[in-house]
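Two complexes come next, and they have one chain in common, chain A, joined by chain B in the first and chain C in the second.
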Partner chain A sequence: MPQSMSRHADELDHLFKEINIVAGITLAVTGVVLFVALYRSSPHRPVKFVSGHVGLEFAWTLIPAIILVALAVYQSGTWKTNKIDFPKGEQPIARVVARQFDWEFFYAGPDGILNTVDDLRSVNELVVPSSEHVLLELHSLDVIHSFSVPKLRIKQDIVPGTVHRIWFTPTQVGKLEIICAELCGWGHYNMQAKMSIVSPAEFDRWLNGLANNNLGDGNLD
Partner chain B sequence: MLLTCIQPKMIELERRNPTTIPFHSQLWLLSAILFLCLGCTPSPEFRFNEVELQIQRNKLLEQDEDFPDHNRQDIATFVTALFGTPDVPRFPPLGLKGEPQSWVSLEHLTQSAGPVSSDRDGVKFGLYREHCVQCHGITGDGRGPTSGFLNPYPRDFRLGRFKFKSTGGRAPPTNADLKRILLEGIPGTAMPSFKLLEEEQIDALVDYVKYLSVRGQVERGMINELSQLDVGGSRLILWPVVHGDRTTLNDERDDSGSRASENGEKQTENLDADADIKPLDEQLEYYMDEAYYRYLEMWLDAENEITTVPSPPESLLDDPELYAAGKALFLGKANCAQCHGMTGLGDGQTANYDLWTTHWLETRGVKPLDPRTHQQFIRAGAFPPRSMKPRNLRLGVFRGGNRPEDLYRRIANGIDGTPMPAVSMDVAEVWALVAYVMRLPDERLTEDRTRPMPTGDRR
Partner chain C sequence: MELTTTSETQHRSGGFLSRYVFSRDHKIIGIQFLFSTLIWMVVGGLLALAIRWQLAWPWSDMPIIGPWLFADQGGQITPEFYTVLFTMHGTIMIFFVVIPILSGAFGNYLIPLMIGARDMAFPTLNMLSYWLMWPAFCLMILAFMAPGNGPAAGWTAYPPLSVIYEAAPGSQGAQTLWLLSLLFVGISSMLGAINYITTIFQMRAPGMKLFRMPMTIWTLLVTAILQAFSLPVLTAALLMQVSDRQFGTSFFIPSSISVNNIDFSGASGEPLLWQHLFWFYSHPAVYIMILPAMGMVSDIVSCFARKPLFGYRPMVFSVLAIAILSFVVWGHHMFVSGMSPYLGMAFMISTMLIALPSGIKVFNWLATLWGGQIQFTTAMLFCVSFILMFIIGGLSGLMLASSSVDEHLHDTHYIVAHFHYVLFAGSIMAVFGSIYFWFPKMFGRMMNETIGKLHFVLTFVFLNCTFFPMHLLGHSGFLRRTADPYGEAFVHLQPLNQFITFSAMAMGAVQILFFVNFAVCLFWGKSSVDNPWRSCTLEWSTSSPPPHGNFLNRPSVGSGPHVYNDPTADEDFCPQAIAT
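Up next, the complex of A and B:
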């Protein structure tokens, strides 16, 4: 597993491990049962054709159902915090626009509001502060892309015409990479972007640099 | 049960076809076919600029002349001798002209050219074929496999003209301009950003784009030159050297009578008319001057052609007076509304074509709206013409960049190769236009006509 850099990633890794254990036990048990059932033959006992064994059918329907429902209930807390309970009253830090074949990131400009004319544009480079909540707004301009950051355990398909929102809480600063996880055309390989999680002070400095680059600082060449 | 049903039929089939090819032979056959299809792909070659040739042919036909086929061969030989092949690029040294600096680095070219591979140190080669060729084509003619599906069409480098650059007029872009496009992509088109490549790789690709451009320009220049019937009073032809019997041109002059029988009457006339054919080295020097150094000087001079952007006025984006002045210019003096529409939606005049289309579309006898007259050019490799759509300025997406300095340059310099002209206005007026255009996406399209909700007690 790649290094985990968000709180949500830790939770998911935890779930992943537990589900793996449950699935592993299930695989072992069903394997043994199947093996015994197939190789239990004996010359003294003729093969019997059974049609509709109520007990058996109940068993192999109910046991998996109970396991699955139990897992669903067990993970519902994680699902709720990450997919349903968005931090209230917080604005996305950036708008992510996926297109064939690059990532564009827009930050609020001097007016502090996203989706206005003075938005700052950065291509293939996303920088976010290591604040409590980082919200992103995902858009696609052409086909279905998928915003995937392995180190954050985030993978969100982006359907054109729909706004998807994601959020996470970084646990450390560092460099990450964003990849497109949905085959989107010949240049799919090129749809990678750099991402870094930096301290809020450094983020402000970076944003200032971007503003100077985008809007001109009065000292143009 | 299932098997027993099938088996008798299979046996029957085998009996009916006693000459069935055994399985291992089939395998051999299959691998042979696969090898023939995949294994022996010849290394790609630069495609000859047939469109330019067709343009010149049409011009010559009007004068009852023809473009000799051996000239075409000569041009290909000349250009290959100068620039090499897609696998082994080269470029003529500048030493001939006493220029100290090199316009591209051979190291960069070899890194960009050739098939995709990497060496033991992880240095990647064949960058152009890895990242660019799908759209821009091996020749840089914008005819890659995906090109037909794209709107706008991928850039054809061979005209040596680029839209989004810091230089004015027809001047080629600077290295920094090309690099910026590779790094940032062109928003609103299919050109993506290649920011993840290493800087060295971007530099290598920039050089390769310049190389393909100059190569294309030289090829076009040669086609043009060899279509001129008379150049500077003395006849310049390459053919006696390559297609004659390897005699020198001086011998050729004396020998012109005997060649007449081989080459027909017309050439006899020409040769007789121009008694002094220049010797080969002079010819080559002439062509190097006319078709190589002429273009190269422009590329080398690009840095000096950069349009400086004066400092923008204070509060560019929130000065109502500047905005109003910009709007007045947009609708009036600057004449932007003619193409971009009164509201900036890009719905004005749309019957224009870009340079990469007009350069063949303006041939005599070719009508923009009559596809039958395009056939000869389409067959030669031109794209079906598509009229230019003036930019919708309300999307807030500007292909040449969203920075005020980008917009300043687009307005002050125009966009090369498109109907967008350079305006002749003073600096303050251009900045006013920039201020207006940058705010356009925020402006309401129509007046607010809804009546205010009646206030007071409603029963």
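Up next, the complex of A and C:
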């Protein structure tokens, strides 16, 4: 697992570890049973002529059923927090626009509102502040792309014609990589961007710099 | 048995063409499917090695064959061609190898023999189902050879990439040829499925009750039903894509997008619709690709453990449960697609549930092996390894079933590891086992066991060296389908990738053992007796190979398919056919 840089990623790593333990125990138990069955077998040992056992069938139906349902319920908490319980009343910090084979990021311009003509534009570099909630709005101009940040354990397909939203809570500042995870054409492999999580003060400085660089360049689509 | 004699005479009087090429005998058709799919397996395997070459040493000249294949690029794989490589590898392995080798080859060969029928219910339809594969083969080769690069949208062909010419300019018309090819495969499978269902329900020998059918037949029946119900959806979806590409409709093209500076403002479709339709077929297809393997493994394991299959009825019911559930889990391919998160939760639960019948099957296999007099024939080794590999593939599936964890693992090499454990280490290993098992019946000769065991051991070792490390790649977020995945984030993974590539090459080389064994024993193998494995099922009651019409006297069935070591019987097995 790559370094974890968000609360979401921490949660997911826990879940991953827990399911891995369940899977590991199952593999170990079945593997040992298989090995012993093969090892003990001999052409001379008399075979017990049995064709089934109701009790056993019930046992190995019900016990896994309980474990599976428990897993399903247990993991749905993480899913709910990240996908259903969006922070209410907060505006996205940036609009992510994907197209063959570049990432563009738009920030609210002088009017302080996103998705207006004075938006600020940054190509292949996304900077976000380490605030409590970071919201992003995702668009695609042509085919399906996928916004994937391994260090945040985030992956969201971007279907053209649909606006997607994602959010996360950073746990530290640092550099990350954005990669496109859905096949989008011959240049798919090259569709990467840099991302940084910085302190709010630094974020404001960066945004000012961006404003000086490309005032009025943020035309919508 | 007047009829048998008549058809025997007719058959013999036919020329070479009607006997071996346009034959209506299910055995010949099965063997035709077997040979065709084995050839395609070689093609698909070579494509896989080319993919591995690029992942181990991106943008480097391919030795020996590179300058010949990619003369324009100085012997390197281009990114365009790389997308073609994995698209074709997936398509060929799924539609030309795993599905037709299980349903087409073994389904055709075994169904009439194992239920005691003289042939399929519709022999001509059966012949058609094979010969409809040829337009599919030709169109696929054409798609590969056509000007430009070939189909490049992945085997899943997600629109808009797959339906807009400008989105993949290099592919030109190849994607349309690809779609037409799959339409033919679909029609072929559909004809096969109708035939299998009718034959199994209508043509069983006297005494062959449903609950006396071998597991192979049960799983082939359920597979045929899955095909019959899910294929129409794929067919419709494929036609919609053809229409989007050729006739200017926009089922899958959303409004106001602009591809390569060309506007599609008049469109009003929905790309996600394709994903729903595609996976509504392709998830049941996952079970179409594993259930017959499970059935054959069940019968073979019981035979070589010299024990009745443990829990025959629960085994049958778990197959039925898998079939029903397989229609309501397709959304787990779409956890990150942007569909409603509530739907994601529902699909997560149904996906967890489908692990249950698969688990029941594993436990029953283990109980069958427990305390048996196991005979380690090559066929048995492959089948036992199927069980272990299926456990690993199933458990990594559990990881992916969790929608949250899937968000990180989706589209990484973890998925690649998962489905290769199920489809290669699972289905294909079971296919190898089944070939070693039924080869004597098909050709009247035995395959060489020593070479067979060597083939097994080396394949088993190298497949694990190839596919297991892919789990680790996936943990790191290492993506699939990228021509050069080594950004700063992944450069440390290159040595591991090189190890995988070496293992894959070795695994490919080992298969030469199998093909040589197969080809040599076809002509010079040791002659086989009628029932070399002392198996109960009906196909072993007739000669090897069986005559046209299968049985000289129609058999009657007096017992189940797995009566091994019955203390009341004289021998250690009790054939299903009542001795006359």
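What we mean here is this: the second predicted complex is superposed on the first by the 179 of 221 C-alpha atoms of A that agree within 3 Å, B and C clash if a C-alpha of one lies under 4 Å from a C-alpha of the other, contacts with A are read in each partner's own complex, and residues count from 1 in each chain.
As a convention for this text, a contact is a pair of C-beta atoms (placed from the backbone, for glycine too) under 8 Å apart; a residue touches a chain by one contact, two chains touch by 3 or more.
Values in this document were obtained by computation on a predicted structure and should not be read as measured data.
By the touch criterion defined above, A:102 reaches chain B but does not reach chain C. In the superposed pair of complexes, A:213 makes contact with chain B only, with no contact to chain C. After overlaying the two complexes on the shared chain, residue contacts for A:171 are found with neither chain B nor chain C. When the two structures are aligned on the shared chain, A:131 is found in touch with neither chain B nor chain C.
After overlaying the two complexes on the shared chain, residue contacts for A:123 are found with chain B alone; chain C is out of touch. Once the two complexes are laid over each other on the shared chain, residue contacts for A:192 go to chain B and to chain C alike. Contact comparison for chain A: of chain B and chain C, C touches the greater number of residues. Comparing the two interfaces of chain A, the one with chain B and the one with chain C have residues 100, 186-187, 190, 192 in common. Looking at the complex, you find that chain B touches chain A at residues 131, 134, 146, 183-185, 187, 190, 192-196, 306, 308-312, 317, 396, 402-405, 438-439, 441-442. Remark: chain C residues 78-80, 82-83, 152-154, 158-161, 164, 167-168, 170, 254-260, 270-272, 305-314, 336-338, 341-342, 344-345, 348-349, 352-353, 355-356, 359-360, 362-364, 366-367, 369-375, 384, 387-388, 391-392, 395-396, 398-399, 402-405, 407-408, 410-412, 475-477, 479, 481-485, 487-489, 562, 564-567 touch chain A in the complex. Residues of chain A that touch chain C in their complex: 1-2, 11-12, 15-16, 19-20, 22-23, 26-27, 30-31, 33-34, 37-38, 40-45, 47-53, 56-57, 60-61, 64-65, 68-69, 71-72, 75-76, 78-80, 82-84, 100, 140-144, 146, 148, 150, 153-162, 164, 177, 179, 181-190, 192. On the chain A side of its complex with chain B, the touching residues are 99-102, 104, 116-119, 121, 123-125, 186-187, 190-194, 213-216, 218-221.
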